[in-house]
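Next come the structures, one after another.
Shared chain: chain A. Partners: chain B in the first complex, chain C in the second.
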Partner chain A sequence: MKFKKFMRTYRPFTRAGMLESVAYRANFICFLLGEIMSCFIMFFVWKAVFNSTTSPDFMGFTMSDMVVYLFITFLTGYLTYSDGTYAIATEIRDGSIAMRMIKPCSFDMCFLFQELGNKIFNVLVIFVPIVLGVEIYRWAITGVCQFDIVHFLLYIISLVLAYLISFYFNVSYGFMAFYLKNLWGADILKECIVNFLSGATIPLAFMPTVLADILNFLPFSSLSYTPVMIYMGMYSLDEIALRMLLQVFWLVTMILISKAVWNHAVKRLCSQGG
Partner chain B sequence: MRRMLRLHRIFVAQYMKNLMEYKVDFLTGAISFLIGQVVQIAFLGIIFSQIPNLVGWEFNEILFIYGFSLLPKGLDHLLFDNLWSVGYFIVRKGDFDKYLTRPINSLFYVICEKFCVDAFGELFIGLVLIVYSVIALKLTITWYMIPLFIIAVVFATLIYTSIKIATSAISFWTKASGHITHMFYMTNDFSKYPTTIYNKFVRTFITYVVPFAFTAFYPASFFLTGENPLFCIGGTVLASVVLFVISVCIWNRGIKAYESAGS
Partner chain C sequence: MIYVNDLKKEFKKAIKEPGLKGSIKALFKPNNEIIKAVDGITFHVPKGEILGFIGPNGAGKSTVIKMLTGILTPTSGTCTINGYVPQKDRQKYVKEIGVVFGQRTQLWWDLALRETYSVLKEIYDVPDKEFKQRMAFLNEVLELDSFITSPVRTLSLGQRMRADIAASLLHNPKVLFLDEPTIGLDVVVKDNIRNAIQKINAEEGTTVILTTHDLSDIELLCNRIVMIDKGKKVFDGQINELKHEFGQMRDLQFELVDINNVAKLDYCEHFNATADDLQLSNEGVMVSVRFNSDVVSVEDMLSYTLSKVHVKDINLKDADIEEIIRRMYRQEVSIDEV
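For the complex of A and B:
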């Protein structure tokens, strides 16, 4: 009963998000083509690297591993991307957050369901081509089909966890606009640091052991590195279980942080304009 | 020309006042850009710790090319960043009317209105990399290298700007074209590495279609090896002039097609 009511309240937000993303589909596709370009650049760089070295692997990664890593990291980053920081900061700055607060629904749930709606279209356009492309490439290079359904399903679960962590992290970060008012610079700083700490720019396996161990424990590796490594089959099942527990731990932590910041910030909210 | 320069100064002063309102914000933006670049360079360092050279180019030479690519990119970012807003929202919201009702050239006005100080991050890193790699490679600098270097950077900047002018002018017909600008602009990352690592299709594309290869690899390879000055520097000048003329034509035709927005 409760669940039904919950879905009835939030389904319209999903619908709105979906319509929004379909309305701007041309923009989305142009944007995607621009972003995926960097994967192809790195593909050519790695090809040249493997041509320049005699050993078949680079710090434990073969060429086909590297290609899977590049494209699945891109896919994971894209699907777990959450716009919360920017959207919340904008609403705080122009005061429209006041309108959200007088509605009889939870603030973060509205955002979450709207964003999920937004993602449905994106998932359809990007997920299948990339996974298919990567698998065909791997198959053509090694001669055996390496697609593993168990790892794939575990990847999906880990991906969903990663998205939720990313969502609550971004919501908490966006609430900082309650204190800072303008969040443009801080937003770029976040992007930059998260990309580095999550292993999206440099695989954690290439870093010094001590640094890699620390980063593996921090929440950022849960955002991208963990699901990607699961997809690639780099972890044993025991390790996967441990990693996912860590993801759940960070998810709970992020939810608690976002609630705490919200409760504190609301008391001193000073709406601008509106 | 004199009047234009004076106007430009006034616009910059105006914009600086605006910026000072959000000092901390601007600083964090510039610092995070620095961090991003340092991470990228560290990554190159990791790659080169395992291989002696990349298709015949050693680490310091790659750093030179990388640094060179940041100079035109940074200059364009510093001076002509407002073109992004044209494609993203100025035309869509009907705000472009403002630029047409002033007694100066609309393109010039749009370009000058904003002055993007966070580009100093790019310029700073670019210069540091170039100076470092020149010293590390013990390059001999002959007198004619310096004017050629300036020419190459200026015309390479014009390639960036022309591509932004042409793609943002599309919004005069379609109302919004920021994402098209983004798509073309992102191609510039290809120019950070030697074109020989790409396959023939990509190489042709970034040399003759969207000539970003002339913004970094070609001119930089001339300064590193002293070979092919005509193609490397002459090509940069030619490509940018041709592109600029085309993009101004598109812009002017676009202005005629502009029909403002309702409301």
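For the complex of A and C:
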């Protein structure tokens, strides 16, 4: 009953998010083209790296592993991307956060459900082609179908966890705008750092052991590296269980942090723009 | 219904010396000054009242409204509305209030207006039947029909404001907060909105708190006004009381027989009154004298006028509320500058 009421309250946000995403189709298409282009740039960079060595693999990655890594990382990064920081920071900066406070809903849930709605179409448009493309590529290179349904399903679970971690991380970060007033610079800094620390730029396996160990434990690897490694079948089942446990740990931590930041920040809310 | 007790809100404001040097200095050694935006305000609003909340720009009106609606947390003091403390039970409390900030919108920018209403219906848990009735009523008073299918971002200011007011009334709130609902609107739309407020108040007994700079809003809608300035309450009472308490401005209007007689009238010198207390203006034979009846009695005024010129017609009336408030604003400013 409570769940039903909960869904009734927040479903409209998802619907509104969907309608919004339809209103900005061109934006999505441009974004997608840009991202895919940068994906191919990375592909050619790595191709050059592999071409210049004589051994068929590099730090345990073959060229085809690398391609899978690149594209699945791109997919994961896109699916777990959360706009929370920007959305919240903008609303705080222009003061329209006030309009959310006069509605009988919880903030994080409003943002979450709206963002889910925003993503639904985009996910459908992007998910199937990339997975299909990657699998065809793997099959063409090795001659055997590499698709493994168990790993795929575990990947989906890990992906959902990663998204929620990303969401709460971004919400917490967005609330910083209560203190900084404008978060534009800090947001760009965050993107760079997160991309590097999460292994989205370079696989963590390529890094020095000590650094890789530390990064593996930090929340950032839970955002992208963990699900990608699961997809690629680089982890044993034991390892997967451990990694997912770590993801759950970071998710709970992030939720608690976001609540704490919110409770503290809202008292300091001052009115910007009347 | 609404109890506000010694409400205070202080903001920290960074003082920055001008120029780049000042910015850099402020970066390392911020120098804060405390601004008292609201400084101990107390009032009480019974159920079903329309209260006008007025004051010059920057008086702290919006800050009070923001505290009453739970957006800002007071530095000290309390407010209780329907038995709720807005900051404590935010989610439950806001279900019972409607809020319109004239300078913002609660509508979904990218959605058709109709969609916003169905989103709000779900959020506020409005039953289907009630929703239909409400929409029909709001449609009728605010004339939403012509733009209900357009995306909100394409609406004109007047349309948007009407839509916003409808949105705040959809769930039949017990208290309605309107922060400058008629700002920047034309006369027809203003009328429309005043009508809606009056109807809702009469039919549902909704308590309304209204801030505005448009004094005809006040005169047409409010039973009572609270005026604040520099964060302090300077007046609380009926509009008649205000007229009584602050300056007895009267308008004496008459029609001259001979237009050349205007020169004979030299009120300022005769009564030794300042321009603030006495003003003369004329359009051809129509002359209008605005005077403070505390300084110049009505009798003196009439006898002086009639002794100097012949008039065809004469008429004396109370100055409107607008004039009183204008004088009050000016007075407050001048007291402070001395």
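Quick note on the criterion: the second predicted complex is superposed on the first by the 273 of 274 C-alpha atoms of A that agree within 3 Å, B and C clash if a C-alpha of one lies under 4 Å from a C-alpha of the other, contacts with A are read in each partner's own complex, and residues count from 1 in each chain.
By our rule, contacts are C-beta pairs under 8 Å (C-beta built on N, C-alpha and C of every residue); 3 or more make two chains touch, one makes a residue touch a chain.
It should be emphasised that the depicted structure is a prediction, and the values quoted were computed from it without experimental measurement.
When the two structures are aligned on the shared chain, A:26 is found in touch with chain B, with no touch to chain C. When chain A is checked against chain B and against chain C, the one touching more of its residues turns out to be B.
When the shared chain is aligned, no partner comes close enough to touch A:87: not chain B, not chain C.
By the touch criterion defined above, A:9 lies against chain C but remains apart from chain B after alignment on the C-alpha atoms of chain A.
Look at A:201: by the touch rule set out above, it reaches chain B but stays clear of chain C. In the superposition on chain A, contact of A:98 is made with chain C only, not with chain B.
With both structures placed on the common chain, the touch criterion links A:265 to neither chain B nor chain C. When both complexes are overlaid on chain A, the residue A:123 reaches neither chain B nor chain C. In the superposition on chain A, the residues of chain A contacted by chain B and by chain C do not overlap at all.
The touching residues of chain A, counted against chain C in their complex, run 8-9, 11-13, 15-16, 19-20, 23-24, 95-96, 98-99, 101-106, 266-267, 269-271, 273-274. Of all the residues in chain B, the ones that touch chain A in their complex are 22, 24-33, 35-36, 39-40, 42-43, 46-47, 50-55, 176, 178-180, 182-187, 189-190, 192-193, 197-199, 202. Looking at the complex, you find that chain C touches chain A at residues 11, 62-63, 66, 69-73, 90-92, 94-95, 97, 99, 101, 103-106, 108, 110-111, 115, 118-119, 122-125, 151.
Taken in their complex, chain A has these residues touching chain B: 26-28, 30-31, 33-35, 37-38, 40-41, 44-45, 47-49, 51-53, 58-59, 180, 182-186, 188-189, 191-193, 195-196, 201-202, 206.
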